[in-house]
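Chain lettering (A, B, C, D and E) follows the sequence in which the chains are written, and residue indices restart at 1 in each chain.
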Amino acid sequence: MTDQTPASAPNKRTIDAVNASLKRRRAKERRFRRLGAAAVALGLLFVALLFTDIVAKGHTAFQQTYIKLPVVLERAQIDPEGSGSAEVIARANYLGIIRAALRAHFPEVTARRDKRALYQMVSVGAPQLLRDQVLADPALIGTTAEVWLLADDDIDMVVKGYIDRDLPESERRVKDRALGWIERLESEGRIAKRFNTIFFTNGTSREPELAGIAGALAGSFYTLALTLLLSFPIGVGAAIYLEEFAPKNRWTDLIEVNINNLAAVPSIVFGLLGLAVFIGIFGVPRSTPLVAALVLTLMTLPTIIISSRAALKSVPPSIREAALGVGASPLQTQFHHVLPLALPGMLTGAIIGMAQALGETAPLLMIGMIAFIVDVPAGFTDPATVLPVQIFLWADSPERGFVERTSAAIMVLLAFLILMNLAAVLLRRRFERRW
Amino acid sequence: RDSIYIVGSSTVFPFSTAVAETFGRNTDFATPKVESTGSGGGLKLFCAGVGVDHPDITNASRRMKASEFERCQEAGVEDITEVKIGYDGIALANSREAEQFDLSLRDIWLALAKDVPNEAGELIPNPYQTWNEVNRDLPEVAIEVLGPPPTSGTRDAFVELAMEGGCKTYDFIKAMKKEDKSRYKAVCHGIREDGAYVEAGENDNLIVQKLVANPDAIGIFGFSFLDQNADQVQGSKVDGVEPTFESIADGDYPVSRSLFFYVKNAHVGTIPGIEEFVAEFTGEQAWGPEGYLVDKGLIPLPDAMRAEVASAAQSFAPMSRP
Amino acid sequence: MITTVEEIQRSTTAMRSGELARSQESRETVGDYSVPDARMRCRDVEVWYGDKRAIHGVSLDLGRNEVLSMIGPSGCGKSTFLRCLNRMNDTIDGCRVSGSIQLDGEEIYDRALDPVPLRARVGMVFQKPNPFPKSIYENVAYGPRIHGLTNNKTELDALVETSLRKAGLWDEVKDRLDAPGTGLSGGQQQRLCIARTIAVSPEVILMDEPCSALDPIATAIIEELIDELRANYSIAIVTHSMQQAARVSQRTAYFHLGDLIEVGETNQIFTNPQHRLTEDYITGRFG
Amino acid sequence: MITTVEEIQRSTTAMRSGELARSQESRETVGDYSVPDARMRCRDVEVWYGDKRAIHGVSLDLGRNEVLSMIGPSGCGKSTFLRCLNRMNDTIDGCRVSGSIQLDGEEIYDRALDPVPLRARVGMVFQKPNPFPKSIYENVAYGPRIHGLTNNKTELDALVETSLRKAGLWDEVKDRLDAPGTGLSGGQQQRLCIARTIAVSPEVILMDEPCSALDPIATAIIEELIDELRANYSIAIVTHSMQQAARVSQRTAYFHLGDLIEVGETNQIFTNPQHRLTEDYITGRFG
Amino acid sequence: MQDWILLLVLLAVMTAAYHLGRRRAVTGAGGPSQVHRLHSLPAYYGLYAALWAGLPALLLLALWVGLQDQLVLMLLQAQLPQEMTAGLSEGRLGLLVNDIRNLASGAMLSTEITPELQAAADQYARLDQLGQWSMWTAVLALALTGGWVAWGRTHPRLKARNQVETMVMAIMVIFSSIAILTTLGIVLSVLFESLRFFSMVSPLEFFFGTLWSPQTALRADQVGASGAFGAVPLFTGTLMVSAIAMLVAVPIGLLSAIYLSEYAPRRLRAVAKPVLEVLAGIPTVVYGFFAALTVAPFIRELGQSVGLDVASESALAAGLVMGVMIIPFVSSLSEDVINAVPQSLRDGSYALGATESETIKRVIIPAALPGIVGGVLLAVSRAIGETMIVVMAAGLAANLTANPLDSVTTVTVQIVTLLTGDQEFDSAKTLAAFALGLTLFAVTLVLNVVALHIVRKYREQYD
């Protein structure tokens, strides 16, 4: 060993070089670390921002204005024969009863136009609610009951302060005389905001005060459940096959590129495909969770396949060798050893894929999901809409009352999302490990 | 299938759904399913054939085209009832914080056209940057108009009614119509693409919000949104007429179009409830001047016309080729 | 000492690289590579990594109830050859094997042959210990489980215990069988991998430097185990310790740059090597 | 032979587990663990993995220009102790270190101390070779690059070459420096990791069984390297080969179940151990 | 409802088959103590039987459920009295049948109930019932046959594991081919319309034209511009918006991933990762409103305060917000793969005196590169495919511009607006959507090929 080299030259010590640059390197390190922290903080800030924005706009929708009026429930009008049969009671003219109650409370209103305005104080859905109330408690018949009647959306907006009472009358939807009535009712304590159960139990409606999220929620539930059921096993199965078993050649390269490319296909094109294939060829009924789930499955598959493949790639080969070495079959190796290690990544794919599917509207446009469907779906083949579509439709509705309901619907969607993710996130945490 | 299946225009959608809901509430029939597919998309589905899988009714924010009628005939959808339900005013509005505009159709055209005539009567690329350059009486505000994109039916209507209307006021252009129709079209229908006209999406609420945020801008959208947001935006006068129920219903307000729905007669009597639905829609309690559709922003037809259309509709008189 | 090392270094340099160029053809193996009634019979085995040939036409038999040790300088292809014997090379991208390898007369690279039972019959201990990221117990129990070697939990427990005991690890881990196998020390991991392999009682055991991370006492236990296993099984072991080779094996094969240079009775190889390269290697012995 | 092994087995069983219970307190180390003018000075070092104590109050010095070898049965804590010396245990979840470890009088577990220059000064070769998934060249060039040890490509090339030469790997890889380091054989990877470490010329080098996968000739080269490096640096080496310990080290420390049992001149330890455990271990020598 | 019960019954049959198959294998081997004589684990014999019992029957069930309605209706139609069906077209026949069904199910009717109708309805109910019963019989018979055959074949030397694994493999191959079929479907569903489009508009204009204004006359009587179909501004717009989005998402996402996996305390990591993932699930309408009403005016004011002319709709606003939306695609996927890099590599680097950031940049990121690139590609894809944000915040004007403060539009947005606007399926306007889709497909395909090659080149396989 005759050659003198930096490695054996004690006069040029490493530590000097290290120390010379250490400050710079440490500064870099700190910068990098701060950048990372800032990135996370920024991300979290965005979430917080969006959440506060949504909650600030939407929380009022969980309350709904009601008007308390003494309602005369004459037996002669409701159940003249005293049969007590629900059918008879249901057929009574509750609209008339409510109108009479309004007239009785505001006897000074006589002009035909004014009366019309007065009647519009309560929702068109109020008679039905009154009917349900009477049906639930037939003892009310023959009495004069103080009943909380559902207020019209305009009244609701005034009470919630979304319509400025100080504006000139011409710029307000709620005219002066209606304002006067509201103020009188308020001073009598006959107007109150109560928890908005309708929002959670009803399907959609053109009247904001009657509009509920139940239909879309059920639609989303059926759609997403089926999507998950289809896309996760298919995605993971395809990923395992392609990553671990398929011969590595031009064909599989093509498939890989192809799957990556599918991810870049605009989601509406999947709608076109669904329209042509599922509805056109296979005759799957339009506007149903079934066809939506099929389309969304195709849409989320690339996400799940790509992330699953990345997860499989990052499992060290030595684990596979170890399993094969004791005589496990390739499939056993996959399912017993590789899959548990790759599962966190696969679940991540599922989480963001499903999140995307939950929030997607464009492909549903083509398969008839942008629809007005009042009834809450009870299965995979009932006509249905989903939450994002409902949000889209409400956001596009002229009525002011839908603004807060849109935000509230978004809150419901987010709650749905969080619940859906929670299971996956917990599962993922169980399987995460470093080696 | 035991419920009515309706497709079609997004403009008619709010009215159609309101009727559907009331119909579902007040009768024992199932609530119809209403899809918003756009007028063209709806007619395509509608004309695909007779049968349970095909829609019974389609809404349209324009009349059915001859080619669409042909397509229907070919597919065996022979008898179709056309029902004109009312008008949709197209409002030009801006924020309440700004001055109300009083525009003529010519102002609108000059402000938004791609090419405009100069003093010499030659067409030059639109040089106007502010409203008062177009018309000295207008405020000195940069021209910024948020309007529908070329793909939308509202844009078609706006171009045809407002732009062409303004354009025609120049005689030499009007004369062009006979000589060189395509050039006439290009001149009257071309909308400038230098940023003064902003193609906004079809979400009218968003346009309203944008107007509130930007008081210098004018937005183009359906009358119902103006009606609902009267505290935030004001409609510009067009040719001296403010967009109101009355002015649109009377036909004084120049920028309004008719709305329709079409019924497949072959389905009447087999799909339960179609007759009743049409009766509900064409009943006074719905589309009359005091009906609930007016609350939703529909501009009703004149009284005489309503009666006539209603009786034609309820007897399902088939339309002739448009 | 320095001079010796320098000399050796020079000679190895020659060995390792200088000859690479001319060693593109496989050389004649000195000694008789075949045994009567062989368990495994390899003929003209060539292995390529991409276009790099790592094994040049090696023929070698592994007899019944014998321990065959493979020695040779680092990088000469011992592991590669060993991995051919249970088709572990299948898992390496771009690795190709040609020639004939038979287990009990059956061609193992036959397309029709299922490598899974093959690997259960021909077990392997890898050079780098690779425990599963599971508990110690699961590491050992995995093989018996998938092969259904035990009928119930008690039997499995017993099997795990004997395997760990045989590998000399039981006492160290018996009260933390649930701890992850990856949290063991290097030598413990190595013994865990041995325990894992013998738990499935393969007929042939391939061991790639099984004692490299073990202290003399643990080494003794493993060597004792090998000796004991020989009664029923065939064992091929790669080792760098010539003493170990001498202690445990009946036959020894010397590899060099992808060639099998010489093979013969262990005694004979260590006392009277025929080939110059073998002799160089043996006499330069340090270990 | 069998009887010997059985005896040993019995004794190790006792060593490995039987004494575990009573060894919960640290024992007195036999011999003088301190040296004057020590490079590294450890006092009462304890290491815990979770609530398992792996090192029980070990005090030990590493002198200047000396090679200290650490021996002991597998799993006794040699690697753990070694990893303390450059704070590599920081990266293990749940691993806690207490006591005092000084490098040139500076407390290395001091909160204020930056582990980066520490690790540049105290290099380490791990027990399991862990080449980066980069080319062979990049593996070696990585350290010099991050520390800016060379001024240009030529110097870096030269440094890579010398490092690989010293580790005895150059001739095997010189014409495939661009090939991935992970595609090397086990022994080659080990030497690559040695080359990688010496490329940054640390003042203290910790080697955890650096020759475990090496043939005798490659081992000789590494031992020669160690001897050469000693002129300027301090080296701590874990080995299972007592011959190797005897050949390369001046002092030897014997660990047992987390305790440092005995430390002294290598000669003295191997010829005249003081503690019964040391003696048991040494005399049971097989390697 | 009935179908669900059948499904459950089928599951029960499968379970039974599993146990029987298993039992037979064990007994065949000579009892539980002799299972080592079996070729495979007893469980595989069980699975073998269960799969044979279940798979064909499930297939049949799926087919039957799909076809039962049609079959019953066909039978019904065939049996309807002549006078009822005479001269009816297929569609009308369908309506008649629909009436019959409504009657049978007790729904509201629009016609009077004639005796013939009532008879037909009864017949329908009978047929339907019959269909149900035969479905049960057929499916269960097939399940039992399958199970019985498998059971019969079970003997100790049956390679049950191989058989089961072959079936599983076959299933996985089928799963993999779904991706291919999807592609095929997409190409086919846009190809013909695209060709029609190109027969109306010259490809030259489409690919190289710089003017996009798809305004053609919709009605014959309507005057309208002939329209311009130069797609270049759309592609540049897509490029710009996606680029801006990636400029936001990649740094934030990657840095977050790194911070969370390498620096952050466990708790923060456990919370922050799922919280960030919520960003991917917020409906795009929300982002759209946010971009249009909060970000865009902010940018506009900012620009005006420094004297810049900013459109109220800008690529920047849309891009920024879209970037926020796709952060989790980068952050979560990268975090997973970074986390999967073996600790020994980190140790190797630290031991050489590398700082954490050097280790991350030079060792961990390269080792995790394929996964990271995968995440980034997914994010790009999502950016390319997004519409709502762009429509709401960037406008729809097809400006050929390099100025991010201008209003632009993207390919996807145009596809969506063309398909959801007033369509006409024989005019170039609507067909353009298909041509755009096809072109985008081809362009991203090329980009992906390039990406694959780059990843291959830099891939570092560890261990």
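Keep this in mind: contacts are C-beta pairs under 8 Å (C-beta built on N, C-alpha and C of every residue); 3 or more make two chains touch, one makes a residue touch a chain.
These numbers were taken from a predicted model, which means no experiment stands behind them.
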| item | value |
| --- | --- |
| Contact-graph distance - origin chain A, target chain B | 1 |
| Any chain in contact with chain C as well as chain E | A, D |
| Touching chain A and also chain D, the following chains | C, E |
| Dominant interface by contact count, named by its two chains | A-E |
| Most centrally placed chain, judged by C-alpha centres | E |
| Mean-CA-position distance for chain E and chain B (Å) | 35 |
| Chain A and chain E: spacing of chain centres that average the CA atoms, whole Å | 18 |
| Distance from chain D to chain B - Cα centre to Cα centre, in angstrom | 84 |
| Per-residue multi-chain contacts in chain A, two or more chains | 18, 25-26, 317-318, 329, 341, 395, 435 |
| Overlap residues in chain D, where contacts from two or more other chains coincide | 116-117, 120-121, 128, 146-147, 200, 202 |
| Interface hub residues of chain E, defined as touching at least two other chains | 161, 289, 342-343, 353, 355, 358, 420, 461-463 |
| Complete list of chain pairs which touch one another | A-B, A-C, A-D, A-E, B-E, C-D, C-E, D-E |
| Sites on chain D touched by chain E in the complex | 86, 88, 91, 115-121, 123-124, 126, 128, 130-134, 142-143, 146-147, 180, 182, 193, 196-197, 200, 202 |
| Interfacial residue positions of chain E with respect to chain A in the complex | 66, 161, 165, 168-169, 171-173, 175-176, 178-180, 182-183, 185-186, 188-190, 251-256, 258-260, 262-264, 268, 270, 272-286, 289-290, 294, 324, 327-329, 331-333, 335-337, 339-343, 353, 355-358, 360, 368, 370-371, 374-375, 377-378, 380-382, 384-385, 387-388, 411-412, 415-416, 419-420, 437, 440-441, 444-445, 447-449, 451-452, 461-463 |
| List of chain A residues in touch with chain C within their complex | 248, 317-330, 332, 336-337, 341, 433, 435 |
| Contact set on chain E toward chain D in their complex | 342-355, 358, 362-363, 366-367, 460-463 |
| Sites on chain D touched by chain A in the complex | 114, 116-117, 120-121, 146-150, 155, 158-159, 162-163, 166, 198-203, 228-229, 232 |
